[in-house]
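Each chain gets a letter, A, B, C, D, E and F, in the order it is written, and its residues are counted from 1.
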Amino acid sequence: MTATFRRAEERAADALRPVRITRHYTRYAEGAVLIEFGNTKVLCTASVEERVPPHKKGSGEGWVTAEYGMLPRATHTRGDREAARGKQSGRTQEIQRLIGRSLRCVFDLAALGERTIHLDCDVIQADGGTRTAAITGAYVAAHDAVSWLLAQSKISRSPIKDAVAAISVGIVEGTPLLDLEYTEDSACDTDMNVVMTGSGGFVELQGTAEGAAFSRAEMNALMDLADKGIRDLLAAQRQALGLA
Amino acid sequence: MTATFRRAEERAADALRPVRITRHYTRYAEGAVLIEFGNTKVLCTASVEERVPPHKKGSGEGWVTAEYGMLPRATHTRGDREAARGKQSGRTQEIQRLIGRSLRCVFDLAALGERTIHLDCDVIQADGGTRTAAITGAYVAAHDAVSWLLAQSKISRSPIKDAVAAISVGIVEGTPLLDLEYTEDSACDTDMNVVMTGSGGFVELQGTAEGAAFSRAEMNALMDLADKGIRDLLAAQRQALGLA
Amino acid sequence: MTATFRRAEERAADALRPVRITRHYTRYAEGAVLIEFGNTKVLCTASVEERVPPHKKGSGEGWVTAEYGMLPRATHTRGDREAARGKQSGRTQEIQRLIGRSLRCVFDLAALGERTIHLDCDVIQADGGTRTAAITGAYVAAHDAVSWLLAQSKISRSPIKDAVAAISVGIVEGTPLLDLEYTEDSACDTDMNVVMTGSGGFVELQGTAEGAAFSRAEMNALMDLADKGIRDLLAAQRQALGLA
Amino acid sequence: MTATFRRAEERAADALRPVRITRHYTRYAEGAVLIEFGNTKVLCTASVEERVPPHKKGSGEGWVTAEYGMLPRATHTRGDREAARGKQSGRTQEIQRLIGRSLRCVFDLAALGERTIHLDCDVIQADGGTRTAAITGAYVAAHDAVSWLLAQSKISRSPIKDAVAAISVGIVEGTPLLDLEYTEDSACDTDMNVVMTGSGGFVELQGTAEGAAFSRAEMNALMDLADKGIRDLLAAQRQALGLA
Amino acid sequence: MTATFRRAEERAADALRPVRITRHYTRYAEGAVLIEFGNTKVLCTASVEERVPPHKKGSGEGWVTAEYGMLPRATHTRGDREAARGKQSGRTQEIQRLIGRSLRCVFDLAALGERTIHLDCDVIQADGGTRTAAITGAYVAAHDAVSWLLAQSKISRSPIKDAVAAISVGIVEGTPLLDLEYTEDSACDTDMNVVMTGSGGFVELQGTAEGAAFSRAEMNALMDLADKGIRDLLAAQRQALGLA
Amino acid sequence: MTATFRRAEERAADALRPVRITRHYTRYAEGAVLIEFGNTKVLCTASVEERVPPHKKGSGEGWVTAEYGMLPRATHTRGDREAARGKQSGRTQEIQRLIGRSLRCVFDLAALGERTIHLDCDVIQADGGTRTAAITGAYVAAHDAVSWLLAQSKISRSPIKDAVAAISVGIVEGTPLLDLEYTEDSACDTDMNVVMTGSGGFVELQGTAEGAAFSRAEMNALMDLADKGIRDLLAAQRQALGLA
């Protein structure tokens, strides 16, 4: 497979956009991370609440859940404000359910105790990959919230079992690419979001053929790219958390 | 990997449940198919409407869209009626978006002309795999609607480019299984829905680790199973349509 | 009054369409009945829930309630899905309130104990008379649910005091007709739905002049027809339940 | 049948409560009538709008429609405000649909021309019979709106074909009663709302057995009462309109 | 500043429209006041409920809250019914929040005890100043509800600390005017609603420049007018309550 | 009046918190301003849309409108996400209506032409004064959007007639203070939001007595403070826009 598609700013097919992770971006949340994948900017806050949803009451276990939103003009053209329209779109719900599942997969809910960590992922600026940036940033915010719980002696050991990060891959004009930006995403034939743990397992895999169907060989190429990208993101997370 | 999990009714790990496809299940729709995967029963109707949604107006192209619902007591315990609650759940929206994308992938929207095919997939009885049964049945209903359009001389050639079918696979107690029924789905560690075309390409791939993350080897095993299952479903579709 | 209107398939003015009652149509509900009045097909399930709505809490009495829905393409042309629109129409609410009142009228709520029977009536195919078919079928489903409660020793005697069934009657081109099908319903001047018990009392009576007002003599003719039709339906219920 | 139930204020079983009809109760509406059935007070306004709903566009015909509401403290204990709750109850929708059908039955929509008469019936004080008072008052308001249309030369002849009025009847402790007030309505076994035209035909008939089913003889007794009551209401309407 | 604008019916710039306060306008509410500012008529009911909203539970304090509505044809042209549209407008919410705050300001919530007074202000006829009439009338209704609580010995001393009334002022064609009616309100450059207590303090002040911004001098002129008008309203309240 | 209340960080009673205005904070909007009043941070974007709402169609005039939102964890404790709850609160609607009116007051809508400027004010971090920061920042964003329109030659002269800015003032423990932060706002007796133009006129004035009513003298003291604060904000706006 020969990479023929020319990416913006001479980016290599297997290169991430510059990743920046800023902790303590806002003051009040137990975790507050601005994560940037190039021009995509997502504010991920983690809020600890000392109660659980009904289905966990009395279970001794906690809960980790996520909500996702996009500021109306995060995008190239203004979108409707979901609060004004009175409901969240199917896309928004799909994304926030994905973020929630991804984070829960690395949490020991019993060790968390009967409390909830709310992860709010709000897109300040969108240039493709907002859901993968959200998952990657939400992990760092959740880690900070857990550190706060430990510092407050509300828990005695971390309920976090592993790290988790996510990246998009896709095929544009026949070329498999890592970390699609908006113009690439719009032009791609196949689009895949991959969520993996620090130990290399898959948590979520969502591949969609936009135009033509994709082959198993193409899928394998995309997963090799994703594997590389996620390793870089895990390193960025560790560095941001001072664990590197 | 040794298959140790014992399935109901001596089913082999790589066996589908009995598949039944009944065309003309109701009288008025242009396509009306009851599809059964074992105890899962989904009524898929295809309705032709001579207009398109706003984003297609004047484009010369048609549209294919899907809605999904579940009768309140399709399931083991009664669920809320979404119409009474006043909104569709995130799960429902996720599924109907998946069905719509899967079907559009095999349609030449220009050849369809400026009209819409509505695919309504309503679950009469649910025992796991409702979304994959819905996609597989909706294809047959859409095919019947297209035959009706041809018979009515509203179009001169079929806009259907390829067949499409879907199946679930998963890992239960370490065993990769094809076509999960409800009790298997509830117990599984990894759950994957695979949508493929008649020519063997992937349209959608959605894998989720329910408990532990899954490895690339496990994923490959699951995709081999899915590949086999989908081939059987495509044959069942052809037979139902009298094309075999 | 001379019957001049010619009905489809040589049906007599005072004849029901063929009635078919299929019990155990789905697997999971405590009662699950497909009822057919000619081409009208309604799936009626009865679900037992071991709790009551707030207004019955602590009363020692149970509750019987109904919900009604129509699959989008049950009809000649596709209707909106109420769950997608986000609300039930006034017509839907009117019908489900009627079904609930009709069934409660034959129930001894104290003998039911503090539990609820939910009757879900979903129209699979609509050719007129869906609400009357729903009431007639819901009675059989409720009867099965009560048998299940007795078999489970949750109650020691049946809370069902009497049977209940319903039929439509109307005046089309001056001719009083029993059990209107869709084309007759659309053309009728007067339309009446009658709900009666096994012992011949009225439970509900809803007559509407679509065009011209109707006289007392016409009303009496309609009620004679309804009386005959309901007797036939009660017999069909008894036969389906093996009580004949 | 012997009347044994003692009514408040020595009212006879076949007597209406005092009926008062006040025209021009508010200033701006084309028709604005306060109607009182004893302590029940409903403000009925008729508003002319020079357009029709989509299903009447281009038909040359007009439309007559009704909305019903109850002030939160019209009743003995305060009820929720429907606007605050965000939806109209099933009961409200049922009533406003009944009012609309009843009034349309006496209108020649072609003679009305492509315009809409909106009838807003708002209950200021509720002591039983609000829907029948609403229909009876709405007719007077509609009549005033039609007079306004004639005076404005927007139409050249009245589209009103006949008068229409409504009353409730019911059986309380075995006694058939005319025009139930709230305490009677709460205690009744059978409750029937009857809508009739000036020429004595039925427009709507809605009978409900609250407790035990009712017999044909009881129904006939109720309809005799209703017939008498409606005659009195028609006279009151004519007098209010200066037509007596 | 010279008053050049000619008001309807020779009204002076600093004159209120005729104020009428009718207590016991309806039968069931603990307070029920029809207040009229000229052609503006608002029905204000006060309903006592023996419980408080969640944020006051267990506090020992009560709550005073308000809801506002407008009958669809209270206005010159018919407006949508908010209950039918499924939500209250921003304007409605703004007004009912204002009424609630204004009344709470003169209530000693601890002396009220753990109960709620609901103030429902429904506009029967609107000719400008509905929110100020609502506040002024709601005070009288609340006073009656408190008298009822005292008479019922549910409380031993009145929780009302002071009277409260409200009026609008505005600048029309350069002339500062008291108590704007609808045509003045539509034409005004500046519109201010002033809420004051019996002892002369401000509770709420809401000034809006409709066209050009207004100066401090203009604001002072408006507040002088408001001060005079409120004094007259306080006198009218006292007289209506038999306290004058 | 002696200032006795001690403010955080030795702030004087008549001092603003540090004001920072960052233009071009995001990439895609025609105007994108982050405004900070101390710890309060609001992102204000201005989006140009080449169409107007229905009430302006064909008028030759444009429209300026605003929406307001708060990220769930902008505050000390997490608030509900309005999009998830399915509606905007009364407070949110009140604020966005205020922002819209304030900005329209300085716009010549005819000079804008038939297009809309959407002002989205999203609170990233909230420490009191979010609505006044939003108005002050929205003006700068709107100015940038107008410069873009001029640069694109879509308009030939600026429709902005004057600058506009807003500040809160209040009385805390008897001391009149400028620019309340959250803890002051929670403790204040009187809270007033003042919106003024560059030429010193009032656009909006909203004063609320939280506890005790306030006197005319207090109001005058507050307006003197507001006047000073707004002058400082106008200077900050000019400096940010390079007009100083």
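Everything that follows uses one rule, which is that a residue touches a chain if its C-beta (ideal position, glycine included) is under 8 Å from a C-beta of that chain, and two chains touch if they have at least 3 such contacts.
It should be emphasised that the depicted structure is a prediction, and the values quoted were computed from it without experimental measurement.
Hopping across touching chains, the smallest step count from subunit C to subunit D is 1. The chains touching subunit A as well as subunit C are B. With steps allowed only between chains in touch, the distance from subunit B over to subunit E comes to 3. Ranked by separation of Cα centres from subunit D, the top chain is A.
Ranking every chain by how far its Cα centroid lies from the centroid of subunit E, the top place goes to B. The chain pair from D-E, A-F or A-B that repeats the C-D interface, sharing more than half of its contact pairs by residue number, is A-B. Rotation angle relating subunit D to subunit E: 180°, from a CA superposition, given to the nearest 5. With centres defined as mean CA coordinates, subunit F is found 28 Å away from subunit E. Centre-to-centre separation between subunit B and subunit C, using Cα means, comes to 33 Å. Between the Cα centres of subunit A and subunit E there is a gap of 51 Å. Contacts with at least two other chains are made by residues 86-87 of subunit D.
Taken as a graph of touching chains, this assembly is arranged as a ring, one closed cycle with exactly two partners per chain.
In the complex of the two chains, the subunit E residues touching subunit F come out as 87, 90-91, 93-94, 96-97, 101, 105, 162, 192, 196-197, 199-209, 212-216, 219, 223. Across the complex, subunit E is touched by residues 26-29, 32, 39, 41, 43, 45, 47, 49, 67, 69, 71-78, 81-84, 86-88, 92, 118, 120, 122, 124-125 of subunit D.
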